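Got a structure here, written out as structure tokens. Questions coming.
Here the chain labels run A, B, C, D, E and F in written order, and each chain numbers its own residues starting at 1.
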Amino acid sequence: MKLGFVSAILPDLSLREVVEFASEAGYSCVELMCWPKGKAERRYAGVTHIDVTNFGRRDAAVVRKLLASAGVSISALGYYPNFLTPDRDEAKRVLAHFKKVIRAAALLEVGRVTTFLGRDWTKSVEENWPRFLKVWTPLVAFAAQREVRIGIENCPMLFTGDEWPGGKNLAHSPRIWRRMFEDIPSEYFGLNYDPSHLVWQHIDYIKPLWEFRDRIHHAHAKDVRVDRERLDDVGILGTPLQYHSPKLPGLGEVNWGRFLSVLGDIGYSGPVCVEVEDRAYEGSLAMRKAALRQSARFLMQYIP
Amino acid sequence: MKLGFVSAILPDLSLREVVEFASEAGYSCVELMCWPKGKAERRYAGVTHIDVTNFGRRDAAVVRKLLASAGVSISALGYYPNFLTPDRDEAKRVLAHFKKVIRAAALLEVGRVTTFLGRDWTKSVEENWPRFLKVWTPLVAFAAQREVRIGIENCPMLFTGDEWPGGKNLAHSPRIWRRMFEDIPSEYFGLNYDPSHLVWQHIDYIKPLWEFRDRIHHAHAKDVRVDRERLDDVGILGTPLQYHSPKLPGLGEVNWGRFLSVLGDIGYSGPVCVEVEDRAYEGSLAMRKAALRQSARFLMQYIP
Amino acid sequence: MKLGFVSAILPDLSLREVVEFASEAGYSCVELMCWPKGKAERRYAGVTHIDVTNFGRRDAAVVRKLLASAGVSISALGYYPNFLTPDRDEAKRVLAHFKKVIRAAALLEVGRVTTFLGRDWTKSVEENWPRFLKVWTPLVAFAAQREVRIGIENCPMLFTGDEWPGGKNLAHSPRIWRRMFEDIPSEYFGLNYDPSHLVWQHIDYIKPLWEFRDRIHHAHAKDVRVDRERLDDVGILGTPLQYHSPKLPGLGEVNWGRFLSVLGDIGYSGPVCVEVEDRAYEGSLAMRKAALRQSARFLMQYIP
Amino acid sequence: MKLGFVSAILPDLSLREVVEFASEAGYSCVELMCWPKGKAERRYAGVTHIDVTNFGRRDAAVVRKLLASAGVSISALGYYPNFLTPDRDEAKRVLAHFKKVIRAAALLEVGRVTTFLGRDWTKSVEENWPRFLKVWTPLVAFAAQREVRIGIENCPMLFTGDEWPGGKNLAHSPRIWRRMFEDIPSEYFGLNYDPSHLVWQHIDYIKPLWEFRDRIHHAHAKDVRVDRERLDDVGILGTPLQYHSPKLPGLGEVNWGRFLSVLGDIGYSGPVCVEVEDRAYEGSLAMRKAALRQSARFLMQYIP
Amino acid sequence: MKLGFVSAILPDLSLREVVEFASEAGYSCVELMCWPKGKAERRYAGVTHIDVTNFGRRDAAVVRKLLASAGVSISALGYYPNFLTPDRDEAKRVLAHFKKVIRAAALLEVGRVTTFLGRDWTKSVEENWPRFLKVWTPLVAFAAQREVRIGIENCPMLFTGDEWPGGKNLAHSPRIWRRMFEDIPSEYFGLNYDPSHLVWQHIDYIKPLWEFRDRIHHAHAKDVRVDRERLDDVGILGTPLQYHSPKLPGLGEVNWGRFLSVLGDIGYSGPVCVEVEDRAYEGSLAMRKAALRQSARFLMQYIP
Amino acid sequence: MKLGFVSAILPDLSLREVVEFASEAGYSCVELMCWPKGKAERRYAGVTHIDVTNFGRRDAAVVRKLLASAGVSISALGYYPNFLTPDRDEAKRVLAHFKKVIRAAALLEVGRVTTFLGRDWTKSVEENWPRFLKVWTPLVAFAAQREVRIGIENCPMLFTGDEWPGGKNLAHSPRIWRRMFEDIPSEYFGLNYDPSHLVWQHIDYIKPLWEFRDRIHHAHAKDVRVDRERLDDVGILGTPLQYHSPKLPGLGEVNWGRFLSVLGDIGYSGPVCVEVEDRAYEGSLAMRKAALRQSARFLMQYIP
């Protein structure tokens, strides 16, 4: 396994600075954010460390040289919009942009992109399914042609009343993953596995590793703390941030020793990227960098 | 405490038969269903053991004599419609009928009715709140005038996709109860406390007994089993019946010894009514009666 | 479900006395032991409540009348020898006798017999398998022809050094059951499910109920207590009675509420027979009867 | 084992009434209180069901006849004063009275008395020990001569600030029992084992059964509930009633199935007497009787 | 948060050496002991890294320069005597000395001192309270005037028979803290929060962080191991060191990931000082230094 | 304690390379494998970092100089054959070789060798015992004469069907250790304590540290993960590798903080050697080295 981080937490740094920091802080890879340039639509979104808009061979060569010189690799190109948003114009735009991300990944010989499935959050999984198939069947084929694997993060994208009730990403449970892969069986279609989202959904985050061992294309290292006292007040029908908090690895419920133990035993040798979304560490760039350093110290006990 | 049962499980028996069975099976009280005569709108609804439509003093005398002769009392009159349904005509009808239930409770000197708050299940708690206040403030006053206490059952009324996402009863968590009682502080407004609904919401079902000790006007004895393997497949964002099953007391997760231990210590001496909604016991009238006998054997270990 | 008991614990009573005791103690069925007359070969074996040697229609009629008059039914005819013993003469004798048990079950219209698979305890499962298939394939066919279902008890028959290392019954784990039913798929071949043997094998005794729901032909209600301090001294490589003790239901580790909850939910409505093998209750006939009465009181909380 | 109760909870009943109630409620023995007539010095003390002051052979005959006719036996004569009180006059009085209790037990052929060791609660265990030895060495000899076994209850007699810090009974932990029996090794000196007092002391209440198997002369069936929220507020240095409540069997933390399972396996066949000290059941004589009936229903699942 | 250590474990080093070691071992602050010069009255006491007796501006400048040059800060000045000792002369002396510590903290612009409340250990909390108020009300005012915050460590100071029964520091439980802050509400009066003392008191060490978030002026990182086997022998009424052992962080029961996770979420950004009181690491200065290095390695996983 | 590793995992490195790697990777000692040169008989066996065949004073001087220059010490010489194999010729050979290992340990002034007891795996412990005594009584005397302590690893050497049923090493449980040390009480005879083998045997791996504190001559740091789902399928009568996997420290069930906490408190200050047998890290020499580096990072949190 290779320890990396998600570049979204360092929006104020240039690509060069991100890569240099990675190298210095002991990270061997980075998941680089590729949002279209412009205003972020939500927290942790809208970061552009590689601008894929007119990304060509020469740009690729520059980026690859930069990374090689720092001894850091790209784990994946990341872009996490809502492909199934009710706003059909937006849906078209994000689809087009995502294809550019895929093309850039191919040019960079990264071979891996990360994203969400999206969801019309006002509708049930069932109601979203036909549109999901319509959008994603050709999209997976597009990526497969370019030999780029897609890792869908298993985050429900449901935090507060804004995304209530369904959240903005269908791919949140093992039952749904099974259905995804039955309906679109391409080996290029897989998961960006993040155990933290399973914790607060009260789903065993170890067991699915065995079943989906061939579908884990990327992994995120984020943690969450479920506060029993808060949960006792609102219950699971409350909105998720009422009872849990995203935290750095080691500051939450995930048993990282066990998780990485099984991850290794299923033969996974890909990237494990720290995703910092811990409000206690977001006060300044210095704190966000400290969060990444602390996470590396913690995870390096369990990673070769 | 007095052991009773909810009469909804015996729709095929007359009031006399219900009462005689209660007596013979060792129950000392019954919560009598008072739905309007007609077709049931859902499972366990639509049962009429007392027809409150034109219920007068004479009817009350007949019922009271019947019960006295069997040595069985009425724990409450029960009617559990959706007061906040988007169908405004239906909302009017159920409100009118509920007032009759209250009047009957007063005539019968029972002093207690049981129901739900209702909810427009397509809307958030926040969006439902103004209408809740509008409907319930005068309704509680109406009951208070007649010295009839209302016990709101804490069931989310969310089982399958039909009630998704919000369920048909607002009163499902301690945080919401606190708000209810702050906004409508009448002592006639309280809970029909059923621990089973808290279990699958992952809410401690003991702790709220201390805080809401003065608001527990009635109690249900139902149990649930959460199947970890099923929950691991769909998570808490699945629909609740995908991962839990309502069961008889003793066949689920509730620690009845502890629950009744604390219920006694907060000074509760009212009815504890078995509510049978266990599909394994619904094959025949004989099975449903057997369910009630078994539940009595189980609970009598913990109840004086 | 019907509460019964295994008659082996009452060897000093005649069939009539067994049946009368069952009736009086609140049991609705009995699993009747059908060992050949003669000396018991081990504790709890060698009991003959029905002598199947020359058992004919008339005998069947007598027995059925006796049971009918007491309102007690036969859950199964039981005979638990070692079909795969290295002593080939003994193996022949027990096979012949078991066929008589099957015939008697057919004549009595009981339709159910209970036994073990047997095992050459000095050999591995793998080494025993060919002989198992050779003996059992025709035996299951023999029973199927007579419409008699066979319930194989899942006891490893490994207690002390005498049965070391393999025990005298192959059918001890879910993996082995799966293989049994794949190799001999007849619906007449199933389990006599006893949760207690799974407890000390550290196997979840609930989970297999779902997978093997169609194979549960009979059930035993026995419990065990694992003594952690004793286990800490010898470990699982010690002989099983060094760290666990068979006990009456309620005096061990089995969560009977949960076990019977799921047993009901998978649609099982057959017998649940108390098997008394608790040394603390074996001092006298009076104690053994008391054990059965106590077990009935305990289990009747969870059984209709 | 024989199910009994401690008569202290029925001070308003005569001996005859106590015995008749025992018989009717399904109890087979009673621990009879033998305080000197007069005012109770604390809750549950001062009850006199047998007045031992001038108790002679004829009195014994009357009592024994009364019990025989009801089919109820005496488990022990009980008197629980503070033998080591700083008030030396009181200490003399209670010692003299206790000798009369022992004599009465001999006359009644009960052979068993129950009490405390006592303690000067303002002093440490160490400081109390010399006086303990001085008082108890001859006292045990006195009982041994009359073949009366003494069962010392393992209650710390520390509830509120009044008994702070040491409590009024030295015999509260396994380490102290070991020392007691090393210093006074008579087989007539043993324990009246009550698991509930060990629960709130955070001592395993099962493990000592094995070590002290020959010293268990009597047993009490009382339960306690430790309220985690209350304990979290004051900690174990708070006074015990700040964080626990004595409760009826089944309404507390004791795992009665396991406790009685091991109690049986160590060969104990003596009395198990319900001791009611549950405030939720003390409102009236009817409630106290109901408490005893409920306790019998609960315990009869685990006792032959 | 800033990682530091309590200087008491290095009594053989000069201030300069302490500071240099801190810097080299990766610590960013130190809590400096300020006992009066002379003989230690108990283990870990009597250490003087800053002599506050005649401490003036010039001394302050020297110390500050020394620290600045090493890049290490002072977390607090510490002095932990018994302000409420029955020896009134001693009480006067310690009060006078503590005022000097406060003055020194002001001169050094540290703004923080750490200590105990003290207690007459032979008396109850209640009996100590009037004297506590009399001593501490003006003392807190004295500190407030100088803008120095006081962090009271929550150690019961009860280890062996010597401090029995009450211990030498009142401030040991959340209930007592609440009362302290209600009676002396100054914001300069707060806690030096050490989770380890709550562990063996069986108090949740996370929950109070939320309630007392504004009162946490300093924190200690010490751990304890509770040995269940030892506790089972003596119970909570034994003296605390009979069942627990103070240990380095990571070698005990504290879940440091969770503790520091919540500590961060309540907004705490102050010092977290390792307090070494682990007998396994006290054999030599080298071992005590190794203990501090090991603790830093352990804690740096969870601290930025 | 001194952190080391077992050299068996680096068979492709020369002694010099092993020692240099140890030094560079932060290890302070190494357990050096001393198998006779030749083919390995099983995984992790057959490694020869010191060839003891004709090992003399001069060889010892060379080795010691090599180690001294790297600042690394030898924790023990290791050789783990089966002394009690049914192949008597082999038994003679291994005995003779082991004596050479002991002699080499004496020459090197290491004073410690590590091995197994051996076992005829087809026979019970009881049946092996006489031969164990015959072989080991003189062998221990031989070592004692040379002041070399023997540490017997507590591995059952039972993994798959090949070693079924008994495994190839008798010394697997506390009960057996007790018997070993009673029958051969020499202080030179002790344990090479590895907690991981106790985990899957369901034996507390902390408790024996107290009882056998004087017998722990060496310790291994290996971990195991028990996969509950796999255990649920085969139970403890399955072969051990069906339900558990050896893993690096931190990737399994062992609570290293607690284990090393108690190991320190019993006064152990010897070597703790990482034994890498984790299949996920065996792909290449680079991975095996990475495994050792990771293990050091993990364990250094808990070791001085």
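For this structure, a couple of remarks:
To be clear about the criterion, a contact is a pair of C-beta atoms (placed from the backbone, for glycine too) under 8 Å apart; a residue touches a chain by one contact, two chains touch by 3 or more.
Treat the numbers as computed from the prediction; the structure is a model and nothing was measured.
The chains that touch both subunit B and subunit F are A, C.
Note on interfaces B-D and D-E: more C-beta pairs are in contact across D-E. Farthest from subunit C in terms of Cα centroid separation is E. Judged by shared residue numbers over all numbers used at their interface, subunit C and subunit D contact each other through mostly different positions, with under half in common. Note: centroid distance subunit C to subunit F, computed from Cα atoms, is 44 Å. One finds 64 Å separating the Cα centroids of subunit A and subunit D.
Residue positions 207, 301 of subunit E each touch two or more of the other chains. Chain contacts in this assembly follow no simple pattern; the graph is neither a line, a ring, a star nor complete. Chain pairs that touch one another are A-B, A-E, A-F, B-C, B-D, C-D, C-F, D-E, E-F. Of all residues in subunit F, only 124, 126, 156, 158, 161, 164-167, 172-175, 198, 200-204, 207, 228, 231-238 touch subunit C in the complex they form.
Across the complex, subunit D meets subunit C through its residues 207, 210, 257-258, 260-262, 264-265, 267, 300-304. By the touch criterion given at the top, residues 225, 229, 245, 247, 250-252, 278-281, 287, 290-291, 293-294, 297-298, 301 of subunit F touch subunit A in their complex.
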